[in-house]
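Multiple structures follow.
Note that subunit A is present in both complexes that follow, paired respectively with subunit B and with subunit C.
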Partner chain A sequence: MLYRLVEGARIEPLDVAWACFSPLSGETVLLNTEAAAILELLANHGPTSDDTVARILAADTRTDIADVTEALRHAWDQLIAAGLVRTDAAHEYQQR
Partner chain B sequence: MIDASGSPLPLPGADLQCTPLPEIRSALAGPGLWFDYGAAVLRVRSDSATLAAQLKAVYHSFPFACRGTWADLHVQIERPKNLRRWLAPQVLFRCDSRLPFEPYPADSPLPLLEWGGNWLIGQRLHHALLLHSGVVERDGLALLLPAIPGSGKSTLTAALSLRGWRLLSDEFGVYDPREQTLRPMLKPVALKNESIDAILRFAPEARLGPRFPKTRKGTVAHLGALADAVARRHEPARPGAVILPRWVKNSGTRLEALPPDRLFTALAFNAFNFTTLGVAGFDAVVGLLRRCPAWKLEYSDLSDAVEAIGALWREVCSRNDVMLRSSVEPIR
Partner chain C sequence: MTDSNPPDLGPTDRARRRLVRGAFAVPAVLTLQSGGASAATSSAAKCLANQNQNPVSFAPTSSDDSYFRYRLWVIRKKTDNTIDSAWVRGADLSVYVRNGQMPFLDSSSWQGFAIASNALSGSVITTMPSPNGAENSLEQTGPWVVLRVNSTGALVGAGVSGSGSSVADTCWNSFALGTTA
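Up next is the complex of A and B:
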């Protein structure tokens, strides 16, 4: 499954955290490094699978891919709940 | 000058302290009194026996205005029509034919007007970001003092306003995202409990209104804005710095740089309408964050705290000069 950054989302770095605004939920959340890394990657690469995100981040940070996948596991659900990330299926449904 | 009934009218431009009480009462009972706070105008009408004197004491330097072209808020402070008019008398806050609050004792119409007015401003004025913050100005730059209730925000705001800083607001930091300025919302500073005597010890000349005991926040007294602040209530100020104050008993005065995530939280999640404004609110807070250096201040002695802020302000001003000269986006 592919994930994409919600159009119009705002991301502001705050040293140890990131403030993010979702135009879908109208809410602002503070994100940790892992979640912000996902958003940054989706912003740069466009729609990407969770496996690919984990692989790229593991390569960038020279970390074992299993560790990265585990670290990101909960972040995906939270990013979707915050209205910052959508699955491609949800995006296509809305386009129709 | 006299009106149609032969009564003398106050001179145009006269402030409330120079206006006879019967005139104020008559305006309240008739067309209403109009208070231009700067960022908003409130029109109040009332049949309360005591409100006129309380307004005169606290809004002493505001112009006596019984007509206007526009008011953002129209409210009435009125006596109930039932038995409570006579038995343990009360006053009610009415707005748009609704009574959003519980009644207050009849001798406390001013706190009801102030809290009711604040509530309405927080509910309705969404053309600007309404930060929960004291704001004072010096050298053209605004100092924001956002804080949670009980942190000593109002006390420090009052103290600074009595030491040459121009008061813009005690409760609302009205940030105009388009102009990138802070606009005055010049309501009186509401001092509570120990803060009242703390301010009188700090500045015995301070003109406080009457004390209202047993309100839901304890004893409250209001410090009215000085004449200069009233005269300049349409003059905005550029954001200069943010200080997050916290009064701690017997502590020394300590200023410490505030990390950006703490600053973001203090500004955004304490604002009255951050969520309502959506992306505009987010962008406004980020704009302030990029522009303003921030500190947290722990204090117990008001004079020390005011002195420390004064010393810090020289640094803020010179930093701002550099920013203006370089004409580039400020970097935190």
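Up next is the complex of A and C:
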């Protein structure tokens, strides 16, 4: 599954957390650094698979990729629900 | 709206540089409204209140999902790995105490849980459930059940038992962020 960042998403540091605005929901949510790092990766890499995100973040943090994969497992649903991330399949459908 | 333009995320890699080496916490998305922490509390309270006006329950799952869930303790038969009985341990719930509100099970108690009916079962006991034989074991490897939360954030049940409602992780996280134990 490929994931992509929603166009126009904005993120700013807010003390130890990150404030992130979704143009789709019109709402600002608070993210921890791990969630913000996911968005940064998608911004830099474009549509990216969950496996690749886990591999890069595991390398960043020097942790076991299995642990990162487990930690990410439900993050995608939350980021999609917050209007910050979409699956790439949905994007292709919209372009038709 | 289409997503044809590049995302506008500002200077890159700021969050990645903040990641702590040797650990990767679960990514968290917390619902907020503008206005800071007081607004966060208000938003969370509204989330709990709205959900309690339309209570929902969900069946046990084999893994955690985006709902506020608890993993059951089970007495598992080592001979065939089947579950003999399932339990909620009160001590596990104490970490979810907010605003000093006691959960439905105190920290020294256990209560059975009937997985098939998704409900608390039997009487509350104050001794650890016995595996009844060396071939069995008590371990927290059971299904994940929803915890029920009332409009003030107290844990009032599990599965379909008790008042309150199941809530999404984002709703619970937002409430917990704006309150104290």
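The rule is simple: the second predicted complex is superposed on the first by the 96 of 96 C-alpha atoms of A that agree within 3 Å, B and C clash if a C-alpha of one lies under 4 Å from a C-alpha of the other, contacts with A are read in each partner's own complex, and residues count from 1 in each chain.
Going forward, a residue touches a chain if its C-beta (ideal position, glycine included) is under 8 Å from a C-beta of that chain, and two chains touch if they have at least 3 such contacts.
A quick note: this is a predicted structure, and the numbers were derived from the prediction, not measured.
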item: Subunit B versus subunit C as contact partner of A:Gly26, first or second or both or neither; value: first
item: Subunit A residues touched by each partner, larger count belonging to subunit B or subunit C; value: C
item: Which superposed partner A:Leu2 touches (first subunit B, second subunit C, both, neither); value: neither
item: Subunit B versus subunit C as contact partner of A:Asp15, first or second or both or neither; value: first
item: Common ground on subunit A, meaning residues reached by subunit C in one complex and by subunit B in the other; value: 8, 10, 12, 17, 19, 23, 27-28, 30
item: In the complex, subunit A residues that touch subunit B; value: 8, 10, 12, 14-17, 19, 21, 23, 26-28, 30
item: Subunit A - residues contacting subunit C, complex; value: 4-13, 17-19, 23-24, 27-44, 57-58, 60-63, 67-68, 71-75, 77-79, 81-82, 84, 86, 91, 94-95
item: Of subunit C, residues touching subunit A in the complex; value: 1-10, 12-16, 18-34, 40, 63-66, 169-170, 177
item: Complex interface listing, subunit B residues touching subunit A; value: 259-261, 264-265, 268, 274-275, 278-279, 282-283, 285-286, 289
